[in-house]
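A, B, C, D and E label the chains in the order they appear, each numbered from 1.
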Amino acid sequence: MAVSLWQRLAARASVPVFVASGKDEPDEIQDMLWQTGRIKLVFTPRHASLLVVTGQIPVEQSQSLAIIHDQLPHPRATLWCGGQPCFEFIAAKRAPSPQTLVASAEDLPQRIKETQKQLLSGKRQSEPDLNPDRPPAPWQGKGDHGQGGEGMMGGKPYGRPMAMMEADLRDGLMLDALEFSVGPFYHGLPAGLMASVSLQGDVILKWQVESPPFPTALPSVFVRALHQDTPLADLEIWRVRVHLQRLARMMALDGLDCAAVRTLRLAGPLPCITQAGLGALQKQVGSLEKHLRKRGFFALGAGIGELDAQQANLMGGYVGRACGMQEDARSTSKPYQALGFTVSCQDKGDVQSRRLQLFAEVHQAIALAAKAGREEVMLTHEEIETPVGRLTKRQAPKDHSEMLQSLLPGMEWREALMTLASLPVAGATREGGWQ
Amino acid sequence: MILNELLLPIFVVLITLILGAGVVDYLHHATSALGKQMSLRRSLNPLAPLYRLGLALSQQSVITEHPDRLNLRLAPALYFALAALGLAVVPWSADFIPADLVTGMVLWGAVEVLATVVIFLCGWSANAHLPLLGAYRYVSLGLSYMLVSMFVLIGVALPAESLQLSAVVESQREIWNVLRQPMGLPLFLIVGLGLTFWGPLDFASSPDLDRGISADQSGASRLVWQLARYAMLVAFSFMAATVFLGGWLGPWLPGPLWLVLKATLVLLILLWMGHNLPVMTPDKFISVAWVLLLPLSFVDLIWAGALALW
Amino acid sequence: MTLTMLLIVGAALIGTGLYGALSQQSFVMLMMGLELMLNGIMLYAVAFWALAGHGIPEGQLLTIIVMAVMAIEMAMGFALVVAVFRTSQADTTEALQDLKH
Amino acid sequence: MVGIWTDITFYLCAAIAVFSGWRVFRTDSMVRASFLLLISFLAVGVIMLLLAAVYLGTALFFMMAVEMMVMALFMVMFMMNPAGLNPMNMVHQPWVAALLGFAVFTGLSLVAVYGEFPANPAPADLDPVRSLGRELLGDSMLVFESAGIALLATMIGTVVLSSHRGRYGPANEGSEPPGLDPGGPPAKSAAQKQQQREEQKEQEEDKQDHDQ
Amino acid sequence: MDLANLLLIPLIAAVLILALEKCLRRNHSSYPQARPYSGGGDLSSHAWCRFHVRYYPMALLLIAFEMEMMFMYPWAVVYVAEGIKALMEMGMFLTILALGIVYAWREGVFRWQ
């Protein structure tokens, strides 16, 4: 096949990649790809030419992954990183070729670029559809005019029924509710969260969780601190990292791509930061915060996604503290007390205060890490305050997706997504489970 | 005569839009890459827009289930046509004006409003929910920024005593409107962000809708939509440069060059805003537009009126 | 482009609009018919202004007044539709008639 | 030369205006219907430009674009099956309406053809915008200011009618009858739903008849 | 000539883009490809529906308010020539309309319903 001029040009462009995150895989790979040149993370499979699956996709989600796969325009290919391919469940006859498996995350950027070149030069066939080429419901030749519909609103014209009326939560106009399921690979939602949603206009009428988000893997430092002496500075540095990553995702959702990537660049190399580096980090985070404050990043969240005391209590962690609760496992631990730790709080409990709280905790954690690093403080405690909630020997931070069902209805889509991004909805896990 | 008065203007307008769209694409990605502290050599590569063009053209254009095909095709074409219509009334020099309409300002207002229709049509006709939500959000924006734009432009028409853009440029011989009416340009820039759903006012293809209107576009159909959007940004920059920065007026250099330079400046400001400001929440923007921006544009008009009489 | 031709075009618009206004069941489609008729009337006004009225400004003013009528008709019409729909979920003229008893 | 092109443009625009005006009532999609009407207006706007009514032509563009955009919003909001996925035919007395429409067209055309109108074209050097402006600030000042009052009244009227929650509670408060049982749903709404169901059935039957 | 340009430029631009898209596109989409995107989920109905526009009072208000623009453009042209009289008159007109906006604002029209 002759390679056209377009394809030759295209081979030099940044590769548009859609990432589907699976289980047990923190968003590290996605964050890494964000910062890599010549790779462009896109929000929808329509804009991508490669589908990158990170981590293991559970069987229940493989159908959704197949849907995403088929939505990519040709030419397309799939790369599996850190998990086994799961498409056999759908298309048994078509075993994926071994070359699509990527062993380590470091190889991934290189493999992405190679695969794209092969696709464009025709060396590699574009992957065919996994799902059968059938309409969602048979319609041809049925109904009054052969369009599959009946009467005014009935039947399934062109394969789908029409939306039906539902009472509204806000202004009492009874109009059609748009029902669909969203996720588990929707960009603005935590990976794995799938919900069936009913919208009227922009407002969410119903949010039914179909599957909870994949549990996030807690950095092993926090687990270690339950059992043995761990440098307190490490704990705090990891806290900074997780918080910054969460903030970066919020920024990306607000369209602040540049700030998000800058934040990720700060967060990426943190685990091996030196004492001297901490001072510089403190300054950089400070200037980032100032930059964001001037651009209205915090003010944007004012009055959005307010939690009541009960919900905040349930969530705990920084969410509780953003709501004004003086609860922190660190305040009961001696080494922290010795370092002069005090609980910092916000008062409102909306997205704005959660964003402020995250930044405040980042600053605090950097200061604590610097001090603890100098004094080489070690810590073992039966209750550890992780960035996503409280951790004890018996209990990990829990999954809170159930709460969304009562929290999100009545919000507009944008507000709902901003709220979701500011909450640690997913539970935590570590290898081998908790028992 | 035909050549000079008919073909040349058409050619100039279309070439400006297409080349301009390339420049917008280049500047947009280059500034974004610089903001992300990517490698300098790669982010400044002048051929990058061509690569992206190649990529878009080697991809298939997916069409959603049972769309309104006619409107899906027409929307990008009409959006681009509106950009062309807007640019057509902009004077390049004292004697080269593609279409010197007596009511150029009113026509620009019409372009803004018709753009709302076209963007809505683009989102509606895909018959998919994310584009649909994007389209409706955009209409809320389009209907609210429009009045601001018209007040600001009328403020500019007062000292010129005309709605003709060539007269507006002439009225800026002594002092540019950006200095004479200091609130005009900032308000008009907000209008520009709205018109091209750019940066903080990107309601139609916002990240929380996974790119909304564009969520189900790919390949060539996405390319033409992007082209039209960039072209509109170009047309707006030229308009803003003409109305507030004295258009082709300027010493030493020839008029058209001045115009291009000023338009590039406006473009860079818009791109900077796009990278640095968060996307507003759509429901807050209507309040802001009607309760804050509209009164501000009233004040701008009163200021312009008082100054014109004095 | 003579006055007669312009008036015939205007007449065609008015005729079509009248057909729409009389035949359509739903409020909004009915309003579309009215708008189309007003469109024809505007064309009439401008045609007379340009070709028979020696460009007197009242001709233009008349067109603007027709536009204002259109805007007011639409705004009030839709506000009524909203109010009616809110209380009774009705969207056609017949449905409103039935409410009488 | 210029005259011929003007004529061609005029006939094209006239054809577009009338054709799209007629298509408005023939299409199933509400969005298409409103934007077809917009096309009809735009074509009339171009005719106005040809007639040297520059201001009215361009102003018609933007006025009608806004109105039709809002029209489309409301059409989609309140019409069943707004995209016309199922073809439908929501008309009553179509023949009477068509006849009347045609009669009006013929009558007006006859007047146009046989009527005597003064040939008194606008002077070529007339500045339409300026003359209109002077008129607004001179003789027609009263028209102008009363238009302002009328628009204010419209604004208040639309807000009162359409707004749900004002300072004094919901707009439809007190307009609903009490429930059949204490705290139950309003009496009318249940009856209304029943009515609607019957109506829908009727329409379907009508359509079946129509198809046969 | 100006008018001809005005009509031709958008016409040619639109035709250009339509032709471009027609030449470049390869778009046979199979059913699984055509399914609207929602992160791996599915729509249970068509997206076209009686869409609950959340800002409808604002849209209605706009139709009425926008009418005033029709009067403002000609006013702007003769403003300097007519002087104080023009200022007073338009001041009155705008004050009347601004009352409407203030009223609507107090009634909460500029929030999403």
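Here is the rule we use: a contact is a pair of C-beta atoms (placed from the backbone, for glycine too) under 8 Å apart; a residue touches a chain by one contact, two chains touch by 3 or more.
In this text, all values refer to a predicted model and were calculated from it rather than measured experimentally.
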Chain-contact steps, minimal, separating chain B from chain A: 1
Any chain in contact with chain C as well as chain E: A, D
Maximum centroid distance from chain D, chain identifier (CA atoms): A
Chain nearest the global centroid, as defined over all protein CA atoms shown: E
A-E or A-D - the one linked by more C-beta pairs in contact: A-E
Geometric centre distance via CA averages, chain E-chain B, whole Å: 14
Whole-Å separation of chain centres (CA-atom averages), chain A against chain C: 52
Centre-to-centre distance between chain D and chain B (centres being mean Cα positions), rounded to whole Å: 29
Multi-partner residues of chain E (at least 2 other chains): 3-4, 6, 31, 33, 35, 37-39, 43, 46-54, 56, 59-67, 69-71, 73, 76-79, 101, 112-113
Chain A residues counted as touching two or more neighbouring chains: 44, 46, 71, 73, 135-136, 157-160, 162, 165, 170-173, 175, 178, 180, 186-187, 201-202, 412
Residue list for chain B, restricted to those that touch at least two other chains: 57, 60-62, 65-66, 101, 103, 106-107, 109, 124, 127, 129, 132, 136, 139, 143, 146, 163, 210, 215-216, 219, 282-283
All pairs of touching chains, each written as two labels joined by a dash: A-B, A-C, A-D, A-E, B-D, B-E, C-D, C-E, D-E
Chain B residues touching chain D - in the complex, by the definition given at the top: 66, 68, 71, 101-103, 106-107, 109-110, 112-114, 116-117, 120-121, 124-125, 127, 136, 139, 142-143, 146, 163
In the complex with chain A, residue positions of chain D that touch it: 77, 80-81, 85-88, 164-165, 170, 172, 200, 203-204, 207, 211
Residues of chain B defined as touching chain A within the complex: 32-33, 35-39, 42-43, 47-48, 50-55, 57-62, 65-66, 129, 132-133, 136-137, 199-200, 202, 206-211, 214-219, 222, 275-283
Interface residues, chain D side, partner chain B - complex: 29, 31-32, 35, 38, 54-55, 58-59, 61-62, 65-66, 68-70, 72-73, 83, 85, 127-129
Partner chain E, residues of chain D touching it in the complex: 5, 9, 46, 49-50, 55, 59, 62-63, 66-67, 70, 73-74, 76-80, 82-83, 85, 129-130, 132-134, 136-137, 141, 144-145, 147-149, 151-152, 154-156, 158-159, 162-167
